[in-house]
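See below for the structure under consideration.
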Amino acid sequence: QDNTFKIGLILPMTGQQATTGRQIEAAARLYMAQNGDTVAGKKIQLIVKDDTSLPDATRRLAQELVVNDKVNVLAGFGITPSALATAPIATQSKTPMVVMAAATSSITQASPYVVRTSFTLPQVSVALADWAPKNGIKKVVTLVSDYGPGIDAEKYFKERLIFNGGQVTEALRVPLRGPDFAPFLQKVRDAKPDALFVFVPSGAGAAVMKQFAERGLDKAGIKLIGTGDVTDDDQLNDMGDVAVGVVTSHHYSAAHPSALNKKFVEAFSKANKGLRPNFMAVGGYDGMRVIYEALKISKGQGGGDALLAGMKGQIFESPRGKMFIDAQTRDVVQDIYLRKVEKKDGQLYNVEFDVIKDVKDPGKAK
Amino acid sequence: MLTILFDGIAYGMLLFILAVGLAVTMGLMNFINLAHGAFAMAGGYITVLLMQRFGVPFLLCLPLAFIGSALLGGVLERTLYRPLYHKPHLDQVLFSIGLVFMAVASVDYFVGSTQQIIQLPEWLKGRTELGSGDWMLGMGHYRLFIIAVCAALTVGLQYVLAYTRFGSRLRASVDDQRVAAGLGINVNMVFLTTFAVGSGLAGLGGALGAEVLGLDPSFPLKFMVYFLIVVAVGGTSSITGPLLAALLLGIADVAGKYYIPKLGAFIVYSLMIAILIWRPQGLFVRKGGK
Amino acid sequence: MSTDQIHRNDADTVLSAQGLVMRFGGITATNNVTLNLKKGARHALIGPNGAGKTTLINLLTGVLQPTEGRITLEGQDITGLAPYLRVQRGMVRTFQINQLFDSLTPLQTLALTVSQHRGLGTKWWQALGRNRQVAERCDQLLAQFHLTEVMNQPTRVLAYGKRRLLEIAIALACEPRVLLLDEPVAGVPAGEREELLQTVAALPAEVSVLLIEHDMDLVFSFANFMTVLVNGTLLTEGTPEEIANDPRVKAVYLGHGEEAHHG
Amino acid sequence: MAELLKVENLRAGYGQAVVLNDVSLSLDEGQTLALLGRNGTGKTTLINTLAGATRQHGGSIMLGGIALHKLPSHERAAAGIGWVPQERNIFKSLTVHENLTAVARPGPWNPDRVYKMFARLAERKTNLGTQLSGGEQQMLAVGRALVLNPRLLLLDEPLEGLAPIIVEELLRAIARITRDEGLSAIIVEQHPQAILAISHRAVVLDHGTVVHSGSAEALREQPELLDRLLGVARA
Amino acid sequence: MNAPQQSLLNDSRFRPWEPVLWLLAFAAPVLVPSHASIINEIAIVALFAVSLDLILGYTGIVSLGHAAFFGMGGYAAALFAKLVMPDPLVGLAVGIVTATLLGAACSFTIMRGSDLTRLMVTLGVGLILLELANKLDWLTGGADGLQGVVMGPLLGQFEFDLSGRTAAWYSLTVLLALFVLLRRVVHSPFGATLKAIRDNRLRAMAIGIPVNRKLAVVYTLAAGVAGAAGALMTQTTGFASLDLFEFHRSADVMLILVIGGTGWLYGGVAGAIVFKLMQDALSSITPQYWTFWIGLFLVVLVLVGRERLIRPWTWFSRGGKA
């Protein structure tokens, strides 16, 4: 009993966010397979729970994991409200909570026990807003899904773009449940901007892209740019040629040219019937790394505060590139890449062509 | 302007094909089949898998999607649905939701939970533009294709239901199964055929709609509400009702998003509530029907 | 309901319809019908099938709104009044086609009706049947309509005849002052028919009854005044003898071999 | 005359409940049988069982050599059953005309002939089932059974709710049809006298069993017996 | 007392198993302390389902928007705790009152039309509220959810602890209190008029029942109870998010109620217990595919029938179809 170290992994495994859960779980298991399940004399045990993306379920599961299973770390968290709902539990029980997916800026502020290994939308949006004006894109229309992360993306992109001398002529918000992008894209076409900036949760990207082409926006000279969620590696290959040439900014691409990443991608797809890891997977993978290392640093003590201390300030090379956990904000600081979709050996990849180093979450700067 | 109208019509037509089977099972057969979307999903996946794995051309996939879903519907009707016709509506709801859950999990298990993407043939990818300025009409070829297919189906259906003996036998069977059978109508056969065709249409709709609406295992749950709106607003006593309702919904949805994007979903729901409070039996009921 | 208002009208007319018209699309089901129901009357309304008798009752009770015309009950205009308020003013009907509460038992049905009628319908803190008078009245009604042995079976499974009896029992449970009966004995076997109508006839003298019925034996033994409707129009009115001997009524309604019934 | 219907030891009911016990009867071609009995004795159940709308527990029904009890309900119409259910059960979302055409089978009876018999229906041809008056529904139910062109008509209280003049007409029509076209009929009625006058045979049911069976004429001439069988004395 | 009165009163009498059930429920947080938080959730969902039963089972109104009231009560209680004062009981009252008011305002939408119409109208109301809560993000926190809800101790004494036991007892008590109240209501003459309306509106009117008014009253009452459930939810979780209003919440509660059986009040309770326990067990066995097994359960439940499912020995004897 005393010799196990339990990680409660709460993820959406069913419903519309199910792919997030799958990727993260697979990555976490991969990390365990690669690094053994004994750390500092403790046997690591992973308990996976499905919260169906319902915040109250996430919270109850977390509560049960903490009280009944006595987990040492909570991890996972697919969507922002789930993470926010659980934060008080982390505080109350002094259990570190590793956020592997949810990307709204404010999550790390909800509890001093939150550590994030994914990314924040301000991080990636800002990078794109830096790049765009330098590349002849001045007039932009934004199109985001109408919820926390989308609004974050819109806000930070717009602020930075204006700061850089560009302008956002129209800010469109698509309902999360809005199945048809056609009218929004028609509006974009009629507005004739230089580029369209898009953030939609992973999964909806393909539809945007196809309708973008079908509506002839590309022929009208409008460029499509967006956060990496749009050209999610998970699906990129099925999107077909319409995706080629799309420029996005993100912290991870399966095509990241490093040895570590190559190994990661290969091992991941071998273990999962050829599935390509996406940015969710890397969040889970690195999250496990952060937990493992913290356990080592704390010399096998499972105590919450000791673990937390071990997590803060970790610097390491991840498949995504270099990253570190800011000791102050407990948020991830990482390189953000600009990528373009290209065809390599018959497969589509986000090929990185530029990088902005050590981007902190701009949401914390205020 | 015209483009928006055109898109709205295409979207509406698609909704109609997806929902018309439900209008028939719910309105004519008086069976609440919330699993309707699962048949649509089946059609969608049949198409995707045939195209991706076996390289079957898109046009050939459409009839196959119809037949596949119709067969599936027929088999399920015989085995599972039939005993439920005379059960209370709530039991039917429970049962069909159960089926949806099973369908969702099974598809997830066998195919995976990612969005499926269909590669259309080249000739459907283009776009034709007429006129200019405010009156410019841009027609995506695929949407044009959807409109054509759906319009043809609508006319056919309307003919069968309103002018053939099959239509009146179906309605008679629904009104009173026991007496209809006693008067020589083979109720089981009538229901089986109807159900299969309804499911087949959903499958066809799923195949056609995968491109526009996206396709993943949660499809049947995501669009259930839309189907229900079409049927509720359109009323269930005819085919034209749901058709007009679907068109209205499609156009309102598209135009709403275009002109007042901020209000998003408000438009659709407010419109629906307003209509239903104004005409509680649905917009387009047969005169004097009860 | 002030008394002088009643006096201003024809003193003993309880329910009166003036110039009622009801159109369904192209069909005129009720065509300018004027009808007065006197206090304590035993009034029969007859006419061929589809003459508009049921429609007239629907108009009087508020199920349908007349296209034209006016209805007064005890001197007050009730043309636009909601159906349930008319019931609360003492006008109660039965339906030609049974309208019952299928999942309730006859006992529950009657208990509920009696409670509602005695103003207990909004009581939510005491159980149905806690009230002694209500229970007693139910007992009485059940016995009177031969429903005692089936009182605890769901209405749904009762034989047609029993359902028919319950239909009428419900109306009487409302203690009507004006009772409108639409073919009350349809489906009731010969033996119980007379008994049933005797129950109705035995209502207090001040209760007015309007009866629709095609069984002429019963009608003639029950009614003291008759109205004949044909194609939505009032053909004639009069005492039973006058009607029985009216050649026009014979031609369109009674036929010749009225004896076929007597045998 | 040839025997058309032979029912032997019939047991039937609803769900687990058995309402009819060992009912046997027979009927010749072109003859009319009056089925009498008090309320709730199983008359409707017997009619419905012949039409295949109840649960049959045992016994056999032969109609002109066809084993009716082995056929599903909907094939019995083809075998020659024409059913007028007690509660009329007009198809409410069909028009009058569709009510007839939906079930019609080829033969001497067609919708037009029904319209001739019930002129009222012709005027209401395009009305929906629910928009008919009670009597009109009754006429339609009879017409609907006739266009099936049956060999055996099952009439469950067909006169209920009809104006006297129509009753007369209908009784005459039934007598004529059975005589001229060789049709047989089973009629359930609350007015025994009216119906015995045009019937050949009479059967009285009580508590789901046959308590009297014989010629209609004989029963007509013994009103006391009839009253006793029907329990009228109770009143 | 005559026979009719006897048998009428019999319907409303407490059965011997009822107190046993409730005693067990209240003992549960001690008997299985590790499951206190799921007991809490079951109690809340049961209350929600019972409130739906009031309108679905007793008046036959199909509502797919019941989450509107759940969410309203929930947000009201949460906002009250955050902005005004943290006392749970006062917050609960505020939640109930707010939801009741909303119910009264919405009650006119359910008077006309068919089942389907009402289903869609209620659904629409729920979704509009959802959008509203989303748009009013300065107040509700929008899509991120409302944070910073801190509840004070219950009755000034009992803290909401991490094990969730206080929460469980709190919810169970509220459930019991409201359940007893509703039980009285449905067995009263008022309750009987509701059933009458459900069975046959035309006739209900014809015996002098003001149908629309009764519907409005019962709808409002049900809304209040749903509001209580919502308030319990946000109070015991200290968090409110948009999904309180979501369609699937209305749909789930309907499933739960129908599993347990409508028109019985205990149906909601039974359904909540069965569904939640099963979901919890299945999803910890197979987090990815548990929906399949739940679906299978529903299908079997309907095909075999509720009564027969709990009496397996009847499975192979012939069913009683007519």
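A, B, C, D and E label the chains in the order they appear, each numbered from 1.
The criterion applied here is as follows: contacts are C-beta pairs under 8 Å (C-beta built on N, C-alpha and C of every residue); 3 or more make two chains touch, one makes a residue touch a chain.
Each chain and its UniProt protein: B, E = Branched-chain amino acid ABC transporter permease; C, D = ABC transporter ATP-binding protein.
Computed from a prediction, not measured in an experiment: that's the story for all the values here.
Asker: Can you give the shortest number of steps from subunit C to subunit E, where adjacent chains in the path must touch?
Answerer: When the steps are counted carefully, the minimum from subunit C to subunit E is 1.
Asker: Going only through chains that touch each other, what is the minimum step count from subunit A to subunit D?
Answerer: When the steps are counted carefully, the minimum from subunit A to subunit D is 2.
Asker: Report the chain whose CA-based centre is farthest from the CA-based centre of subunit C.
Answerer: Centroid comparison gives A as the farthest chain from subunit C.
Asker: By mean C-alpha coordinates, which chain is most distant from subunit D?
Answerer: Here the answer is chain A, farthest from subunit D.
Asker: What is the distance, in whole Å, between the centres of subunit A and subunit C, each centre taken as the mean of its C-alpha atoms?
Answerer: One centre to the other, that is 74 Å.
Asker: Return the distance between the CA-based centres of subunit A and subunit E, expressed in whole Å.
Answerer: 37
Asker: Please compute the C-alpha centroid of subunit B, do the same for subunit D, then give the distance between them in whole Å.
Answerer: 43
Asker: How many angstrom lie between the centres of subunit D and subunit E, each centre taken as the mean Cα position?
Answerer: 50
Asker: Of all residues in subunit B, which are in touch with two or more distinct other chains?
Answerer: Touching at least two other chains: 104-105, 108, 264-265, 288.
Asker: Give me the residue numbers in subunit A that touch at least two other chains, ranges are fine.
Answerer: In subunit A, residues 14, 18, 22, 146 touch at least two other chains, as defined above.
Asker: What parts of subunit D, by residue number, touch at least two of the other chains?
Answerer: Within subunit D, residues 14, 131 contact more than one other chain.
Asker: Considering the complex alone, what residue numbers of subunit B touch subunit A?
Answerer: Result: residues 3-4, 7, 11, 104-105, 108, 113-117, 119, 125, 127, 129, 138, 140, 142, 211-214, 216-218, 222-223, 226, 253-258, 261-262, 264-265 of subunit B touch subunit A.
Asker: Using the touch rule from the top, collect the residues of subunit A that touch subunit B in their complex.
Answerer: Residue positions touching the partner: 14-16, 18-19, 22, 146, 172-175, 177-180, 182-184, 186-187, 203-204, 206-207, 210, 213-216, 234-235, 238-240.
Asker: Okay, in this complex, where on subunit C does subunit D touch?
Answerer: It comes out as residues 24, 27, 47-55, 96-97, 157, 159-162, 183, 186-195, 214, 216, 252-258, 260-263.
Asker: What part of subunit B is in contact with subunit D in the complex they form?
Answerer: 165, 168-169, 171-172, 174-176, 178-188, 237, 286, 288-290
Asker: Which bits of subunit E are touching subunit B when the two form their complex?
Answerer: Listed in rising order, the residues are 56, 62, 109, 112-117, 119-121, 123-125, 127-128, 131, 247-248, 251, 254-255, 258-259, 262, 288-292, 294-299, 301-303.
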